[in-house]
Every structure is written in structure tokens, then in C-alpha cells.
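Look for chain A in each of the two complexes below; its partner is chain B in the first and chain C in the second.
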Partner chain A sequence: MPIPSSEIIVIGAGVNGLACAARLAGQGHRVTLVEAASAPGGAMALAHLTPGIDPRVAKDMDLARHGLTFHPELAATLLSQNSPHLTVRGGEASGGDLDPTEVAAFRNLHKRLSRFAAALAPFRAMTPPRLAAKGNEWGKLARLGLGLRAMGKADFREFLRMILINAHDAATDELTDDRLRGLIAFDATLGGWLGPRSPNSLILYLNRLAMGGALVPKGGMAAVAGAMAQAAQAKGVTLRLNARVARLLVEADQASGVELDSGEKLHADLVVSAIGPKATFRDLVGPRHLDTGFYTAAGHIRARGATARLALSLTAPPDFRGADPAGRLIIAPSSEAVERAWNPVKYAGVPDRPVMEITLPHAHDGGPPRLTALVQFAPHDPADKAAAKARMLENTLTVLEDHAPGLSATIGETEFLMPWEIEARYGLAGGNWHNGDLAVEQMLFLRPMAGAARYDTPLPRLWLAGSGSHPGGWVTGAAGWNAAGGILEALR
Partner chain B sequence: MSYDALIIGAGHNGLVAACYLARAGMKVCVVEKNDWIGGAAVSRELFPGFTYSNCSYVSSLFRPEIMRDLELPRHGLQILPYEGGAVLTRNGGYLAMFRDHDANRREFARHSPRDAEAYDRYSRDILRFCRFIRPMLMRTPPDPSRFRPRDLSELAFLGRQIGALSEGQIAAMVRFWTMSIADFLDEYFENPVIKAYLAVSAIIGTALGPMSPGSAYVLLHHYMGDVDGNVGAWGFARGGMGAITQALSKSLAAAGGEIRAGQGVDQVLVEGGRAVGVVLANGDEIRARRVISNMDVKRTFLGHVAEKDLPGDFVKRVRAFKTRGSSGKLNIALDAAPVFPALPEGSPMLKGDLHFTDSMERMERAYDDWKDGQFSRDPFQDAMIPTMIDPTMTPPGKHFMSCFVQYAPPKIAGRDWTDADRDAFRDTCLNQIEAYAPGFKNKVLHVEVRTPRELEAEVGLTEGNIFQGELTFDQLLFNRPVPGYADYRSPIRDLWICGSSTHPGGGVMGAPGRNAAAEILRDAKLGTRGMRDAYPVL
Partner chain C sequence: MTDLTHWRRPLRQTPFHPRTAALNRLNLWGPWGGYTTALAFDDVAMEHTAIRNAASVYDLCPMVKYRIRGVQAAEYLNRLTLRNAGNLPVGSVHYTAWTDDAGKLLDDGTLFRHGPEDFLICCQERHLPWLLDSAAGFDVAITEVTEDIAALSLQGPCSASVLRAAGFAIDGLKPFRMANFRFAGGTLTISRTGFTGDLGYELWTSPDLALPLWDHLFEVGAPWGIRAIGTEALDLARIEAGFIIANMDFVPASQAVREDRARSPFEMGLDWMIDWQKGHFTGRRALLAEREAGSKWALVGLDIEGNTPATGALIYTGKGREAGFVTAACWSPATKRNLALAQVGRRYLTGPLQVEVYALRELQYARLMLAAEVVPRPFFAPDRRRATPPGDF
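What follows is the complex of A and B.
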């Protein structure tokens, strides 16, 4: 028997909103995707790389047919100011002065962590289990536990030891090369609000390994948004741009639609919010329709961005002392250097020597020389924002110049976004990439918060589908896809 | 001459284990390298007429079940609870602390009415976490990678504990265990001084700052003790912390056990894959049916066992076991009580712990110095004057002051501490106190300065880590000290470990020694009838 079709509004045409809307429409529901901006994509524009769109999403939306293709996976080049650069491709590190035993140690560590990541991957694809539910949720958890145990006794023990360890210790215990340690420290903390010495940081590295490598879409991030929007529309999604939602409509204690900025009211059987959970509960719903304790807890969702984004147009291609321009260029000379860049941000200060990940878009798609960089760590709420921004930019450019002598003289246009500007432009709470810190205490059944971790919310007919929900952000669409699964199950 | 059990190290855990084994009928000998006993729970006269608790300085965690089992009050142990405490603030004010929840609440209200409200909620939540974790202190952690009946039954026990909670409670608990204390307190409180006071327990002894995830658990670790049933209360041992180990040694003597002080162990004797005794530093051999080490796991296996007798993976894990020291201490003989003009005269605040750090940010910055390999320029000090309550430690009118200091690294910028470093460290700490108690320095008769270097050399704590190993999840429960060896056993048959390197970790708690004894008695088929289970939290 066919499922009766429902009228569904999805708020926010970012990667998760698009994935969610497309999956729902694909099952015969009438889906309207409302987006405040004039183009789809949301915070995708902030990224310069993607670990790859979740294979479930890519397949169902047939994104390849809609023109989405990627350049070959990028190797990481670990830039050095005075010694040879190292190149890391998967678990293989190479470079002039690297000791063979260190190469083997890195390979072994990468293999082991990849096995852990593979064991965690199924968690990413699931709706977080309920903990105290009747029924078979505990059985499901036990099965997952046994699945982990299947990796063998030695690995399982190491897994339990390392699951909440910090990235610095994990890297330092196994490796001696500062640059390789720096890579793990950097990759573990990119997009987060923690340093490599913070406990619970290695799991973020495992999460990245579980997602995949570093890919540049042909045509840039805008091409991802374009392909996904086209695919969603092909499935019947109605996309409404320039439509900012002012508030949620609630009738009889149930979500019943949205009211746009323009005053226009859209009614629906279900509303799915693919924007941040904090904004959803605190701004769109408001305290009237939520339990006080829940409303307060929603205010406690921690969302602190610590990543700035730099985009430069250049008059000449930069030369990072011979580094492959098509690589993912990392400036993180050691794990300690990453930690030192983190320290001042705890007090809303600016690091002297920021660490960063650089891509050179012209090396992939041609066109005039450009540089993008994700720079860490940047304060999200300093007292003097203008001064903090100026200092952060200055320090960033100094580090760049040190690694690519002469670069400063070739800078044309500069766009530099601090976390609060990222928040203003993309609506990401606190400028945090994941619309809520991706940290262990906000993961799985605690993401974005207890009581709303299974994509449904205490307000009937309101659902969540954004990166604030499990399994968090990055340009993959996993959260939106999972959410649609939960919604479809509920409608069945 | 051969013993049933030979214990290396007369610290509190070694003595607790010895007592239980002796009471079960074993012939027990404890050997101690120092001429005195007690390990890090000692009272020593280091200045004429003054008794110092020169290492550990507070009793809260010591399990009351053990006190009763071993009849320690009968052997002279008396715990005196703190009567107050205070945080002195930079602006000349203070936040006072009392024994009574309602009095604290009123004091909080003076700083923030909203925080006074939150204090009830906070205390209730913390108590719930304590209630959950308490029973686990006195049990051997299960090995989740194995399916032995005991592992399965312990896992089932854990499952039942969790199953008794509501979904919301489970969520709250998992968050608490993984969060930083700074984030956790931010959810309850707004006043920086109140937060700084409450965050203290989360950083004491650890190489973490208040903003490090996982630091909230450390708070619980310090909170799960009690004095006279007051959960979270701290107290002094009358006569100094040595009173605990002295009472244990008397209890041991009463059970027929023997202690040999001044007899350091050189090597554990291993024959045919079994531990059969020890060789002392003086070359003598003592043979025993089993050997139990109260030394930390690194010192035991890297220092006193031949590497060839151990599996390579095990040695690698032991080497990587984190024992980074983070604390130092000043032990001060005072000619007269210090005067803190900010505190009301005659208040009970001097009868407890005094802090001079009025924000979590200052604590975190102190930690940043440690990460850079320096001692904190603006350190956090937990200072107290036990002689305000206990007159037995000094001549009349004089005082002993104990200042516990965070943070002090095991090495200064990668090199060993020098005497000049130590002096600079001392001056930094004394000057901080002087700023709140003018004239304080003039009252100082003698100072003993303890950096991680001294803690390692004297007590034997590797890198001066007071917990014999960091209290982060990778080193807790079934991971402590090494995955697969959380049951107090080692790869060598009949060689056991019973110190704070084992579950449930550091603090003068006695639980590791007790749990190790329980495993040994089970292994020897002697039963554990003389051991109480953990008392519930009421």
C-alpha cells in the first residue's frame, strides 16, 4: 500500500537540507525547500574541500548524472620553512629526509586508526539509539558493541584505550617526526573548538578517516550545490530561494508550517529544520512551545567556531618552496605548534603563529591564481572584533609569507572571515562549522542535545536535519539523509 | 624464611593490601626503601617541633569501609573535617565556604542570587553522579575484551547500574564524564569566583586545565569521598597524614604482619615465569609465594623487573603510560598564624582550604605555562593550616601550613629542575600568599619545597605524578594501568600490583590496595569475607 503523501517544508538548502528534501521527495512526499539566500548551498561555500558526498546520498540523487565529478584525491603536503616538505597520501608518508622506520610507524598508525574508523563508520549512518527505551534498542547497541569486538582482541583493547585519548598523545606515542605529529594534531582539531592536547580529540580524527579523504569538486563547491539542487528538483522538490523563515507556525501544540520574513505563511504536515538546532529552538520555535528545561538546555548547546577563512586572489601563482600546488598544503610544524595556536583562543585572543590548510583552486580548475586557507585558531567572540581580525589577518599573512616568500607582494583582493562573520553570513551558530561543537559530549545520542538526538523534537511534527544533528557537519549530507530516514519511518 | 605475600612499598595501598592479606591468614612482609613508612601519606618532623604532612595533605577519599574493616579508629586514626575555606579575590574580597550546604548557599547568594539557586541543582546532580560511581570503586573492572564469567558478571553489574537510570540521567552522566569542568560549570553558574572555587577539584594533581575535556570527571574523583558520611567533604587526619599509615601499620602488626623499613628492593625475583621473591638493594633475597608491588606501574616493570620476562606489547604500553607530574608543594613552618585582612576575624575560613585564584581563566593560564614546560607564573595554590584544628602538630601558637601548587612540570623546558628553579618556584608561591597576607613571609621559619623532582626521588612517584598515572579515560577503569591487566595481575604469574596506578586511581583512598587484596584472596581461594562492599551514598 503506498504511503499517503505528506506536505513537508524543509528549512535551509545546505548540503543536509538538500539531501533530506531529495530523499523525502523521492518517496513521494510534496517537499518545499525554503532557503534564505539567493542560491542553494548554505555553508558549503565555506569549505574548500569535501571528504566526499555520503555514498548513499550521491547514489540516490544520482549526482554524477547531474554533473558532479571530483578531481583525484589530494595528497597532503606538510610545508616546512627550511627542511624538505613531506607528502602524505593515505598512510604513505614520503619526503627527502624521512627515516624509513618513521615511514613504517606512520603506516602502522594509519592502518590501525583506519580500522578503528571503519568500525565507527556504521555509527555515522544510523539514527542514534535511545538509551532507556523499551524494545530492542539495547539489543541494537549490544550488536554494535559486538561488531566492534569483531575487530579482534588486541585491536579492540587498543580501541577502548584510544577512543577518548587526545591526538597529541596518540601521535607522540607512535611517531617521532614533528611534521607527521603536526598533521594528525591539525586534522583532528580542524573545525573544532579544542587543541590536540585536549582529551577526546583523537575521535575527531577517526571521524574524518571514516568519512574519506580530501576532494576538490570540479567547478568548486558551487558545483556541488548546483548539482544537488538540480537533483533535488528532478525528484520533485520545490526550491524557494530568497525565502527567510521568520518563525515556526504552531497549532494545537504541533508544528504546522512556517512564516516567512515577507509575512507569507506556508502550511505543512511536517517541518524539517536543516539550520542550526540552537536557532531552531531558541529563535524559530521560542519558549512558548517548549518545556522550560528543554529550552534552557537548547541554550546550552555549545557552538564556538575557531576557524577563520582566507581567500586571496593573486597576481602570480604562489610558490611554497616547490610544493605541489595541487596538494592540500598544511602548515602545522608540530603538534605543539597547533596547541600553541590554540592557547590564546581560550581567552578570546589571537595566536602569533596560526596553523592552516591551504588549497590553490587555480591548480585544479585553471583560472587566475587564487588561494584559500582555513586558519586556526581564531576567537569567535573577542572584545575588540576589528582589532582581533586585523591581527589575525596580519599573523596569517606573515606565516604564509614565511612559507611562500614573495607571496605578499602578489596579493590582489583579500577576503578574510572571522568566526563571527561566518556566523553572520552563513547562520552557523558561533561560526562553528557543525552548528554546535563536534565534541564527545555533543555526539551520538547527545547531539545536538538529549531529547532531540533522533532527529525528532519534543514539538510534534518538527524535525531536525542539519549538521547540528548526528553525525555532524562536513560536506557529506549524512545528517540530512539519516534524518529523512527517521521521518520516513515515522510516516510509515 | 619465606612469606605468603611480600609487598614492595609501605604506602597506604601497600599497607591496606598487607592488612587484608594478613587478616585472611597469610604470612605477610612489607619492605620499604625509606627509613620511615607511609609513602605519600606521611607525617614527618622536618623542622624541630613541627610535624609536616609533607606529601598528601587531605583525607576525604579514604574509604570508610576500609577504616572499619581494618579497625583504624581503634588504632588511633581520627579524621577532622574542614570547618570552612575561602577564595581570596584580587579585588580584596572573598568567597567563603562552610561545612553546611545552606550556609554556602547564603554565601553564594552574596555573590550571585542566581548562582545560589543553581547550587542546589548542582549539588543534587553531582551527588547523583557520585551515587553511580561509588559502587565501582570497590570492584575489579571487567575486561570487555574477554568473556570470562567474572568479566561478564561485572559487565552485567555495570549494565544494571546504567539500566536503573532514566534516559535523561544517562545523557547527563555521559556528558559530565566527557566535558570540561569549565563548560560544565558554565551551565550552572555565572559568577567567576564561584566557578573558580568549584573547579578546583577538577585540576588538583592532573595534567589538565579546567578547559580540558574530561576534567569534570577528575572533579568527581575528588568528590566521591566523604567525611562522616558527608559526601564531598574533606578533612585532616589528626597528627598529619601519617596518622593513616601509622594506624594501618598498627592494624597490620595486630594481624601478625611484618614491616621492614630501610630495605629497598633492587629486583623482583622471577623463576620459571613466576615471581618468587625479591632481591634487596643490599643483596639479600627474600622469598615469597607472591609479590605485590605498591610502586607505580612504570617503576615496577621498567625499574624492577627484567625486560626479558615481559611481553613486548606490555612493556610498550607501560612506557607510554602517562605519569606527567603537574603538582608541587610547599610545607611551611610558621611562627604565628598568618593574617588575611580580607577575611573577617574569627571566621572558620582559616580552618579549611584557602585559594588565591579567582577565575578559571587564571587556572587555565597556569596550565598553559605547564604545557610550555614552565611552572605557573601565577600558580593555583590549595593552602591550608591544619594546626588551626589540630594542635598536635606544632608547638603552641605556631603553625604548619601546607600549600599544594598547580602546576609544576616534571622537567623545566626539557631539562632537569635546578636548585635555582626550585627557589624561584618557592618565591613565586610565597609572594602570592604575601599579597593576601601582608607580613606572611616574616613569619616563615622554614620551608620545604617539593617539585616533581623531589616527589620522584623521595616517594618514588615517577615524574612526580601524585596519582601514579593520569586520570584520563585512556587510563581509567579497564584501561588502568594497561588494557588486559586491570585486574591487579601482571604478565608474570604471582606478581601483582596494588598502587594508585591501578583502578580506581590516586588519592589517599586505599581502594586499589583493597581491591588487589580481594583478587589475591580469590586467586588463593581464601575468600573475601573480611571485606565490606561499598557503602551506598545516601
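What follows is the complex of A and C.
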């Protein structure tokens, strides 16, 4: 491969595409970032919170200098319909007439799970290990393995017991308060296609703990996209908007560029796809350049979204019975309530009482009263889409009204996106946030699939860098950053 | 028998069964691809003699057959198989193989091109899911037609004479070519192909014409000693011809349970098939890598001392290190040699080899260590198999 400066095309200016492009450009490569939409950011616009940009990305891109700052970390307010709200900040629960022993129990559980999350966190920052002995970073893996073992025999045994358990069991084993159990159940399943009682759901909670808390960027999520795009351009990335890639160009059995839907061809030494792996292999590359087994497996990447997104503009600030409007407002009264909201979705139905996470953007940045909510669970492919959407919206607004009496009367504009609309707008396969279910069987060396888990692909000079790759989605840029590391290693 | 009671008769009968059953004096049957088929009729040696000296008829119906049709059929087959199907003229047949992503053999078989957009694959194992998966993104229709076609293999030096006597003008038919003929109000396709390494033809028609075809051949073929043969006699002939069979000489990668059992085209001597220039095909990148790195196994022909068949024998180096194993063996009546097909580790090919044979002699095994020499395949390849027009024996 050409050294030191390669011509590289990165497809998709979402958080991972931006992070990957910036890191590659920072190492002297000539990077063109092509984005189908008219503004950078991609599916970031879906989120209303971020666990925080991956510190490696934030530091290298110097995002603070490009104007990205955050409001103080949000506490979670567990909304009640008729009793005092409970507030949770990290491991500290307060208010809501909570029994002091339960406060201690939650603190202990949080501490323990945070230790487990900390032991797993380094895996998020590396290329997934290979099952084959050859090509592994054995030194690093040995250190991580030692790190796990260093938690001591009792903790390590507990870690092994809990790592693949479900969130509901973990929460009910250790807690008695329905609301706290509901919080763990909700946070474990947000953005996934599973309920709290589904196998392995706790590991998603650990993943969230490993990433960090809930942050609102000053200026909203658009500010993250803006700052990252500016930082990437400052590193020399050429950003091309309104440029949708129609297909990948292949010459001599190697990726050689992309063809835009305008017909324009861009040539490069390397192509990095920061869009979904399914779309990359099935649509951009196509069967003629991939082996049958791989192409078939790419079609079987499981990708189903179960989260709907509600955005309301309001004529008056909503009042959730006195809850702090600058908090992360959670409606998930119990783990059972979360599971019940999940049950119908297994059969493409709509829950009667959806659970949700609410933010009130005006409480952070001022401006007219607004509300955003990520509502679970929504079917991604119901038979009657219009009816499912209408029913989902109606049930969502009913739950909101129950918790903020009078809110319905203040609703101005409503934007409500069901998973299939999220797929259509942001290209996320199945409307899944992570462009492929984030679940144990699609993690690490199985993410997005065997044969493409280390960011490289069977097609030489085609790389993956999106949320479909390890360590998955959320607005952090970790996947894009890791991918750039793999590419730089290969170019060295 | 209904769809729910099929298990009462687990093996099907081929359209030729009324005739093969009547002739089967030994009542020797074996399962093949879901059908019951004759292993031998009365005397394996005489059946083999018919293949090499007269005319033999073998019931081919259980051979798995897929029809591939569509404007992108050739392009599809290029993606699926090792050879270039686009180079196969209409009316021709070629021997080909296909692999999985890792470049390990799934099967080998013959590909018939009936029209520009109309192909037929004949193979040993069933592959419909793989063929359908491979068809994603290609404008082709794939159907399994195993039960829709009745097929006979007519092999032996007198096979052309029998066909001439049967009224089919096959004199111009070259090896690996085929032609259509009218027969009994229907169509008979005759291809100059076979699995014996001798002059021979394969006859393809609809199941309703199976018995008329059989009767016609046996009536006009009587002067040439036409004879029904079973799988055992055919197996002798195919070993002499050096041909391999899936699940006998290699395990298809899709069926292999043990990780080290799958074999690549290089390892089964089929790498000559690979068209590196035709574009991408499944397994190409893995096979390129194997071409660079080298292969572990080789399929070889062995000439073994003595006359005891080395069936299933382990192979050792002169120093007694295990070097491979025999996949098929026989004492060859045509060449009067003790032959075997074997998989041998490539690194052992240069030195002397010996095979360990357990010979059963009146209820008692005798252990023999027999010297074996690697010799070229085919072991038996008479000029008459290629002569056009075919000889008038």
C-alpha cells in the first residue's frame, strides 16, 4: 500500500465516520468524507443525550477548542404518577421515600457493576481479539485478562456469574424497590431489541456504565456534529455533503473508490464504510465481489430497532409533578413494566404502556419549550404500519399525560419516528441504533459478523468503521476511532 | 404412501426399478441419494468385463440434478464454480467443482449447457440451499430436477454400436458434447460422457420413457452382450479411470464435522479447473492465499505391490511415519495392477511409501506392509474413449 500518504474515502459523516476520518487525516492521509445528507451528523440527530465522546476522540480532535462543551452530567429522575419522585445520580439514590437499606443496596450494586464495567471498558478501546491464535495482540490481551483476574477471587466469580445474566434477575436479586429495578431494566434495554428478562441483557447495562453517564451538549446534539465536522476539516478532511454513495468500485479484486448516485466516480487507495455493515456488503459491494457464505451471513446480521423517537414543541413548559426539568426523566415504574412494554413487540404489536426517557432541551439551552423522548418498545416491522404508529403515539401521549397532567393541551408540533422511519431517514438497518443488534452474539469478534470483526473485510482495501462494528453505537465515536487504528496499523 | 407416511419406505425406486429388480439375481441393493440402487446384479467381474469389453448399462437416476436458467445463468455459474461457464459452448459438457468461502470443496460434478441461458448441474450431493444463497443478486431460476429426469449410463467399447443399432446417429458426437434425438414420441438427450474412462454415453430422458428406453437398448444391444451393471463394477472402472467421488475420496466441506477434513481443489488435484481470470468466485481469495502458501495434502494414484486391495489402508513413509490414507482401492482387472487413490501429505511425496493392509484370509487377518509407488492418473485410458467417430466394435 502507498506510504506515507494514501487517498482514503470515508462513507458517512456520522460520529464514527467523523472520528475515523479525523484520525486518518491527522496521520497525513488525504481523506474525503462523503455524506448523503446535507449536514454532517448522521444518526446523532436521533440521540438527545450522549454518554460523552470517547476521550481519545475528544482529545485528538480537540473538540473543546472547536466549541464542544457539555452541561453538567444529568441525574435520572424516576417519575412517579402519584408519589414523590426518586432521583438517581450515579450510585446515589435519593428522595422518593426510599428506605435507607435500599439506598445502600443500590449503592453497593452500582459499585460492583461499575467495577465489572471498568474491567470490560478497555476492550471497547481495542480491535476485537481473533479466535485464531495468529494476529492477536497477546500482550494487551494478557494485560486485560490479568486486569479482570486482579479484581480478586470473590469478585471475579461474581463477575462470571453476572456477565451473561439478565438485567431483571440481577436487579431483583439485589434490590427491593420497583423503581430502581425499573431504572436498571430500562437502561439495560434502551436502544436494544430485547427486554430486561431476555438473556444477557445485563451486559448492555455494563456497557453503558463503561461509557459513562448522560450528557447534554451545549447547543444540543447538532453541536456535536458541528464541532466534530469542524475539527475533522481542521485536520484536513474534505467533507462532501449531499453525496450519496451508490456503489463501491472494485478493480483487480480490491476496493478502488465509490460511485455517487450522481454518477460521479471517486477513486481512492482505501474505502472506509462508516455506514451499516449490512448496507455496505449487501448494497454497496454486492454479491459479485463477495463469497456466497459471507454475503449470505451479511444478510443475516440481525438489525431490529425497538425505539421510537418523539419530539414535541410545546406552548408551555411541561410540569412532571415538580421534577427537575434539567434531569433525565425516566418513566419505567418497574422491571415488570419494562418487560410488559417489550412483550407485544416480540409479536410486532404495540405496548399499552410504553416506557421512555425524556429530556426537555429548553431547560438546558433555553428557547421555546420542547420535549424529546425515546420511547420503548416499538415494533420495527408491523403489518399495518400506519395503525401501529398511531396507536404507539396515542399510548405514548397517554403515559406522558399521566405523568405531566395538562401536557397534552400544550402540544404544538409533533414529530414521531417509528423504527422503519428511522431506517428510512438515517439508513440504520431495521431502525436499530447500532446498525445491528448490540447483543452478546453480535459482540466483539462476532460484530458485525465473523470475517469482518476487525474492521477489515474480505474485500481488500474495504474497511468498516461504523456503529455496526465493535464496540457498537451510542454517540461516542469509539468504533470509528478503533477502525482508524486498524487501518493505520495496516498502512504502516 | 402419503407425505406423512413416506418414512415407511425410506428409499425411493428409480424409474428403471422394474427392470433392475428383475435382473438383480443377488438381490444386492444399496442406498444412494435417497434411492435404492443395485450394487451388483449377478457377477461383479462379468459386469466390469462388460464395461471394458462390451456394453454396460448403469442406472444414473439418483445423481442429483439442478437446472439453472436465466439471463445471468453463466455469470451465476462463474460465481459458483471454479471453471468458466461462459466458455462452455451450447451443447457441451464440462467437469467442474465448487468450494465454500474457505476454498474447500463442496462437490464436483458435470455442467451441461443446453442453451445460452440453460444449464444442468449433475453432482453427488444435494446443494440447493447453497445454490440458492449463491443466486442472491443474479437473475436466475434454480430448480432441483433429480426426479424429473431418468438417466442411464451406457459405457463400453460397443456402446456406440448399440446406439447406432438403436437408431441414433451419434457418429459425429465428440467427447463432452451432447445431442437431442426423438425417441418414442419424446426427447432423448445423449451426451458423450461417463464415469468409466472408456468410450461411453449418458442418456437423459423423461421418467415416462425410462422403461421403453431400457427395453429398446437391451433388445438392440443383445448382439454386443449388453449387460446391466451395479455400483461395485462401476467403482472398479472409476478407480481405473482415476475419478473421485464426494464422500468417498473427500468429505464435502459442508458435511465435514472435523475441522481438518475439508479439502481444497489443490489438494484433490482439481486446481487445473480454476479460472483465475474470469473474475470473483466463491473461495477465490482463499484459494489465491493457498496458492501462495502451499497445500497440505495431495491426491495421488498408487501402484501397490501384490494383488490385495488396499481399501482403507493407512500409508506410511519408509521410516514408518504416517503419511496419508487410501480413499479407494482395487485390484484392477483392466490393467492387472493393484491400484489405489490416496490422500498423502505433500511433504511425504518425495520419499518411498508403504501401505498397511489387513488382508482377511479365512477369518484371519494378515497384516501386510506393501510397497507403494506414486503413479500418474488415469491408470487406464484407452484411445477409443476419445476417437471420433467412435470405433465400430
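Convention: the second predicted complex is superposed on the first by the 478 of 492 C-alpha atoms of A that agree within 3 Å, B and C clash if a C-alpha of one lies under 4 Å from a C-alpha of the other, contacts with A are read in each partner's own complex, and residues count from 1 in each chain.
Here is the rule we go by: a contact is a pair of C-beta atoms (placed from the backbone, for glycine too) under 8 Å apart; a residue touches a chain by one contact, two chains touch by 3 or more.
These numbers were taken from a predicted model, which means no experiment stands behind them.
Participant: In the superposed model built on chain A, check whether chain B and chain C fit or clash.
Facilitator: fit
Participant: Taking C-alpha centres, what angle do chain B and chain C open up at chain A, rounded to the nearest 10 degrees?
Facilitator: Spelled out: centre of chain A as vertex, angle of 60 degrees.
Participant: Which partner chains sit in contact with A:251 here, chain B, chain C, both or neither? Use first/second/both/neither.
Facilitator: neither
Participant: With the two structures laid over each other on chain A, which partner does A:165 touch: chain B (first), chain C (second), both, or neither?
Facilitator: Only chain B is touched by A:165; chain C is not.
Participant: A:97 contacts which: chain B (first), chain C (second), both, neither?
Facilitator: Neither: A:97 stays clear of chain B and chain C.
Participant: Is A:153 contacted by the first partner chain B, the second partner chain C, both or neither?
Facilitator: first
Participant: Touch check for A:199: first (chain B), second (chain C), both, or neither?
Facilitator: Only chain B is touched by A:199; chain C is not.
Participant: Quick one: is A:287 in contact with chain B, with chain C, with both, or with neither? Answer first, second, both or neither.
Facilitator: second
Participant: If you tally the residues of chain A touched by each partner, is the higher count for chain B or for chain C?
Facilitator: Comparing touch counts on chain A for chain B and chain C gives B.
Participant: So, does A:458 touch the first partner chain B, the second partner chain C, both, or neither?
Facilitator: After superposition on chain A, A:458 lies in contact with chain C alone.
Participant: For A:439, using the defined touch cut-off, is the partner it touches chain B, chain C, both, or neither? Pick first, second, both or neither.
Facilitator: The first partner, chain B, only.
Participant: If you take every C-alpha pair with one atom in chain B and one in chain C, what is the shortest distance in Å after superposing?
Facilitator: So the smallest C-alpha gap separating chain B from chain C comes to 5 Å.
Participant: Using the superposition described at the top, list the residues of chain A that contact chain B and also contact chain C.
Facilitator: In chain A, residues 451 are touched by chain B and also by chain C.
Participant: Enumerate the contact residues on chain A facing chain C in the complex.
Facilitator: Residues 253, 286-296, 299, 451, 458 of chain A touch chain C in their complex.
Participant: Please name which positions on chain A make contact with chain B in the complex.
Facilitator: Going by the criterion above, the answer is residues 130-133, 149, 153-154, 156-158, 160-166, 169, 173, 194, 197-201, 300, 302, 339, 343, 346-347, 439-441, 445-446, 450-451.
Participant: In the complex of these two chains, what residues of chain C are touching chain A?
Facilitator: 79-80, 100-101, 130, 133-134, 136-138, 279-280, 282-285
Participant: Touching chain A in the complex: which residues of chain B?
Facilitator: So the residues of chain B touching chain A come out as 144-146, 163, 165-168, 170-172, 174-175, 178-179, 183, 187, 208, 211-214, 313, 320, 322, 361, 364-365, 368, 371, 472-474, 478-479, 483-484.
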